[in-house]
Amino acid sequence: MTHSTIRTGVFGASGYAGLDLIEILTGHPQVELVFATSGTYAGQPVPGTDLHYIPPAEADLSAVQAVFLALPHKASAPVAARAAAGGVKVLDLSADLRLDSPAVYETWYDTPHPCPELLPVPYGLVEVNRARLAGASMVAVPGCYPTCTLLGLYPLLRDGLLQDGAPVIVDAKSGVSGAGREPKPHTHFVEVFGNFSPYAPGRSHRHVGEIEQEIAKLDASTGPLIFTPHLLPVDRGLMSSIYVTLGTGFTSDEAQALYEQTYAAEPLVRVLPPGQQATLRHVVRNNTCAISLTPVTAQHLHITSVIDNLRKGAAGQAVQNFNLMFGFDETTALL
Amino acid sequence: MTHSTIRTGVFGASGYAGLDLIEILTGHPQVELVFATSGTYAGQPVPGTDLHYIPPAEADLSAVQAVFLALPHKASAPVAARAAAGGVKVLDLSADLRLDSPAVYETWYDTPHPCPELLPVPYGLVEVNRARLAGASMVAVPGCYPTCTLLGLYPLLRDGLLQDGAPVIVDAKSGVSGAGREPKPHTHFVEVFGNFSPYAPGRSHRHVGEIEQEIAKLDASTGPLIFTPHLLPVDRGLMSSIYVTLGTGFTSDEAQALYEQTYAAEPLVRVLPPGQQATLRHVVRNNTCAISLTPVTAQHLHITSVIDNLRKGAAGQAVQNFNLMFGFDETTALL
Amino acid sequence: MTHSTIRTGVFGASGYAGLDLIEILTGHPQVELVFATSGTYAGQPVPGTDLHYIPPAEADLSAVQAVFLALPHKASAPVAARAAAGGVKVLDLSADLRLDSPAVYETWYDTPHPCPELLPVPYGLVEVNRARLAGASMVAVPGCYPTCTLLGLYPLLRDGLLQDGAPVIVDAKSGVSGAGREPKPHTHFVEVFGNFSPYAPGRSHRHVGEIEQEIAKLDASTGPLIFTPHLLPVDRGLMSSIYVTLGTGFTSDEAQALYEQTYAAEPLVRVLPPGQQATLRHVVRNNTCAISLTPVTAQHLHITSVIDNLRKGAAGQAVQNFNLMFGFDETTALL
Amino acid sequence: MTHSTIRTGVFGASGYAGLDLIEILTGHPQVELVFATSGTYAGQPVPGTDLHYIPPAEADLSAVQAVFLALPHKASAPVAARAAAGGVKVLDLSADLRLDSPAVYETWYDTPHPCPELLPVPYGLVEVNRARLAGASMVAVPGCYPTCTLLGLYPLLRDGLLQDGAPVIVDAKSGVSGAGREPKPHTHFVEVFGNFSPYAPGRSHRHVGEIEQEIAKLDASTGPLIFTPHLLPVDRGLMSSIYVTLGTGFTSDEAQALYEQTYAAEPLVRVLPPGQQATLRHVVRNNTCAISLTPVTAQHLHITSVIDNLRKGAAGQAVQNFNLMFGFDETTALL
């Protein structure tokens, strides 16, 4: 290990996001992986490493400089608090640190926030918040649907180009790994195979709160979010199909140039040329977001934004933040 | 064969819709299948029958009382014309007879209409046009996307409940059989597997013209159709995810009762109870349409409408029309 | 309900085999479905019926003339015993009644047989044992792998055409529904998608005992069974790829005629013509077995036998036995 | 580009093996990719590079030091001959150079060998022929089924441990990319989805000749190969399920140690520990072969060998040979 290596631990390393984290981190030249925890798989080998999973309680926070938390919400914040207290930098992939207000958290997660004193925490959507993330000691890694949706909307929101009060319609689709590794009836192969189904419709999905919070920071006059996620019969990949109404003074045929300009210098966001449509194939197993733009009428724009839910939507974005926090090249281990 | 049997022929019987037609018709007690044509598979056995495919040119129209045409557009209308001239009833599954105006046809299909004298033809969306279809001698069987979308919108359109001029947003998804049986790069297994992709976005899909024509008949003040089809990695099944803005005087929580009432007596349309979401599983390999309704805000309603693209979206609906034309129970061979 | 209707109950009606049973029985003109039990789904509607699932303890055996048991092994035999005691005919889809000897049962299932006094029970492989099944009061419905494998071997075994002592090699593949509806790590969509994996190799699968028992009844000089099941990334369908060595006096090119002759009158077994290979597509969602034969060398024959694991491999075969037991046409509700 | 970079061209770079080649070579530090040919996609960008596909006729052999040929058989050998004449090293992924004898080639490929003067060429199964491949100027990269099957058999063949004359039974399964990128009826998504099918059974597959040639070099007393390939509903991955009879003096429980010892120093072959079964998941998208061993009886051994058909079965193995030919670390760009 070189002088500049960061001793790193991963909590929740046997879930799907955790497994991708391990895969990325083992290829990261500045990371020394010290431990990986798993309640379910403790004692078993950690794929691609010489480690074995340890129970979370056995993880020694004093042995690391950074931790990734791929834990369920509510379990994550207390670990974040302990790590922070010990001077360990924290990348939290759970929902615990994403909402700025404990009250809003309780609304969406039906439970008091476990550590309200931690809030607010910088929101790790790098392309939007880069300045606030460089050198941060704790970051809330965004959810998969919020990442994909917000990157698809960002240039319009930043420049205030949406019609005031008009709804933002997001018809979203996710691969099954987004539902977690624990077996459940709706993730049984037989239930998913040959099927396609909406779930959590009508503003009931927990990511609605997170997306609306971030939209409001960029443009408070945006209308309501109409968000319907669907379960796709694929293992990974996520698409947000976004339908927006533009305000006066900006027409849909100007969007291509705006997006190309906005993301020109971004290594992990790719605006496709006119006429090409973003598909899961563009992003599965890589760490980028791809966006295509379709003017429908002068006033109506259709945006397709895609990510790998486990990469740019979870583990990849977490490592992108890690690189920023420690001053490494932002794309280290990600391209 | 009994007295009341209808001697029937099928053109284009080796495509995916044609194969489903054969399967349904062989179980229909009032149908005697006389011939099945196929250019590609001539000479080979017709599955589930004692027939062999014959080339279209060898089909004897004088031997039948009804023909189903599962042919490509442009090839279909001339056969329809010949059949009609001989007093044979016609169920055309192609696009040739769906648009009332030859000029509109030419706009969408980039070719002059092959038989403009046939237009207009009754549009075989039974739940909407039943009165005009009973006893008809020629029917244009609706396209798959139009069927699914129009059934999802019908109660609102009929009663004029949409906000005037507001766009109707349809994010649609279809299984691969919708792309036809002829092998093409985008239907190769490797290209579809694990992928999900939009195609023909931005009002470029040919079904836009058909859907808008029928919408306008029901409510001429409806806004533009914003329609994006996607290719799903499944063999069959089609979903229209419809997002609409309601006019004043009607709120989204009234929609459930309206739809239940509208479709109460319909044997092939099923309105799901509140809280259940329509999925492909509800309709694959049957001849029904399933619809679920989600009030999002008072003014915004999300409608999920699903069909099997080869059944209610093609072969099943064709037989439903056939039953009507000949005075049989409308659901014969369909339940 | 007509005079000749059989009042019937189904135990374990919410598992995958149970659901197919319900679907078949609701289309059976001589069946009145009286109850359907489910521990997990009690209170919920039984698909396609007016019934609701009841807990097994609430099932009234005195109200029925026949019961289908789609229960886990060990739970099934006691219900069979109670039903039989009350004069109710029993079709047991579990493994409890398939092995003639309690000792052999204990060897394979690691538990004493729950009701050894019931053994032996007629083995419901209709094409082999039809005479013993007509009018029987209790039948052990064969397992999915045994059904597919034994039908693929039967003509050779019956006529003693295999080389004495030569191993019978069966490389088998099953869709995921064969693993049951209860969610488990290895049936999670993400684990199965894009994968293919052997399991229970090396004569460790419990169906080895059942297959060898039935082989021995037909030809006691057959060599050991080498059996490897694999999990296929499909929902249903099962293939046994069988490799055998023929004895002297019979060559592989004679097999086609032998099989065609053996199964000529069988409505639910289809021997494919030379050159065609049996595939899952031949049998999925129907109640038949399809077999293709490939002579490899004069002495070596490759047999491909396919079934739908939930149909001919479970529910379909159970109803075929039911029809025999009650004197109905054997294929009622099955074609 | 550094001093030691090899100027390299790829013929047939738009097929599935060609695309994987491009992906691997663009990550290879000693490769300068000079051109990539494609008849179908000429003019389009080569993924992950700054190049555009050129027609094969425009490829300048004088500009390169090495060429990979991912061309159809018969088209490949003439290019190999021209390249060799110009001193360019050749890695041929087609079947043209794999069979040592033109007569045997004609038997299996139904056409005279296009360049018999080139034969024989070193057979690029590195783990078996490494000595002959280091520094070679032309290599026949083995087929996918032969690679997987021969690596699964090698330790037994090398040590003469199979029973003389006993058949070697290989039940093989391949993902659809093995059938090539050109759309054909049997690779249509709808035909493959939910299906599983044998093809080219009974020693009719062209790889039988290649496998038997290589088996005979290692142990001429081996019995006939009984080989049945199947089409799996996955995009990539290949399994050979191998059933062998051992000779006297060696029992199946000794196989684990033999294989572990044989492959201990091999970076791209992994013998799984006892009790673990090789699955597609072990190898998809990597360049290794994984093998598991199951003793069935003392005399009968079941071997499961898996590769990614496009990696260790094509592009990965080609680059492994390239590394050997040019004296680079054998695993460069492959781990």
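Order of writing sets the chain letters: A, B, C and D. Residues in each chain are counted from 1.
The rule we apply is simple: contacts are C-beta pairs under 8 Å (C-beta built on N, C-alpha and C of every residue); 3 or more make two chains touch, one makes a residue touch a chain.
This structure is a prediction, so every number in the text was calculated from the model and none was measured.
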Give the chain pair, either A-C or A-B, that is connected by more C-beta contacts.
A-B
Taking each chain's centre as the mean of its Cα atoms, which chain lies farthest from chain C?
A
Listed chain pair A-B, A-C or C-D that repeats interface B-D [over half of contact pairs the same by residue number]:
A-C
So the centre of each chain is just the mean of its C-alpha atoms; given that, what is the distance between chain A and chain C in Å?
47
Between the Cα centroids of chain A and chain B the separation in whole angstrom comes to 39
Per-residue multi-chain contacts in chain B, two or more chains
193-194, 233-235
Which residues of chain B touch chain D once you look at their complex with the stated criterion?
16, 176-177, 181, 183-185, 187-194, 233-236
Within the complex, which stretch of chain B touches chain A?
167, 169, 171, 173, 194-199, 201-203, 224, 226, 228, 230, 232-235, 237, 239, 241, 243, 245, 277-281, 284, 292, 294-297, 300, 302, 304
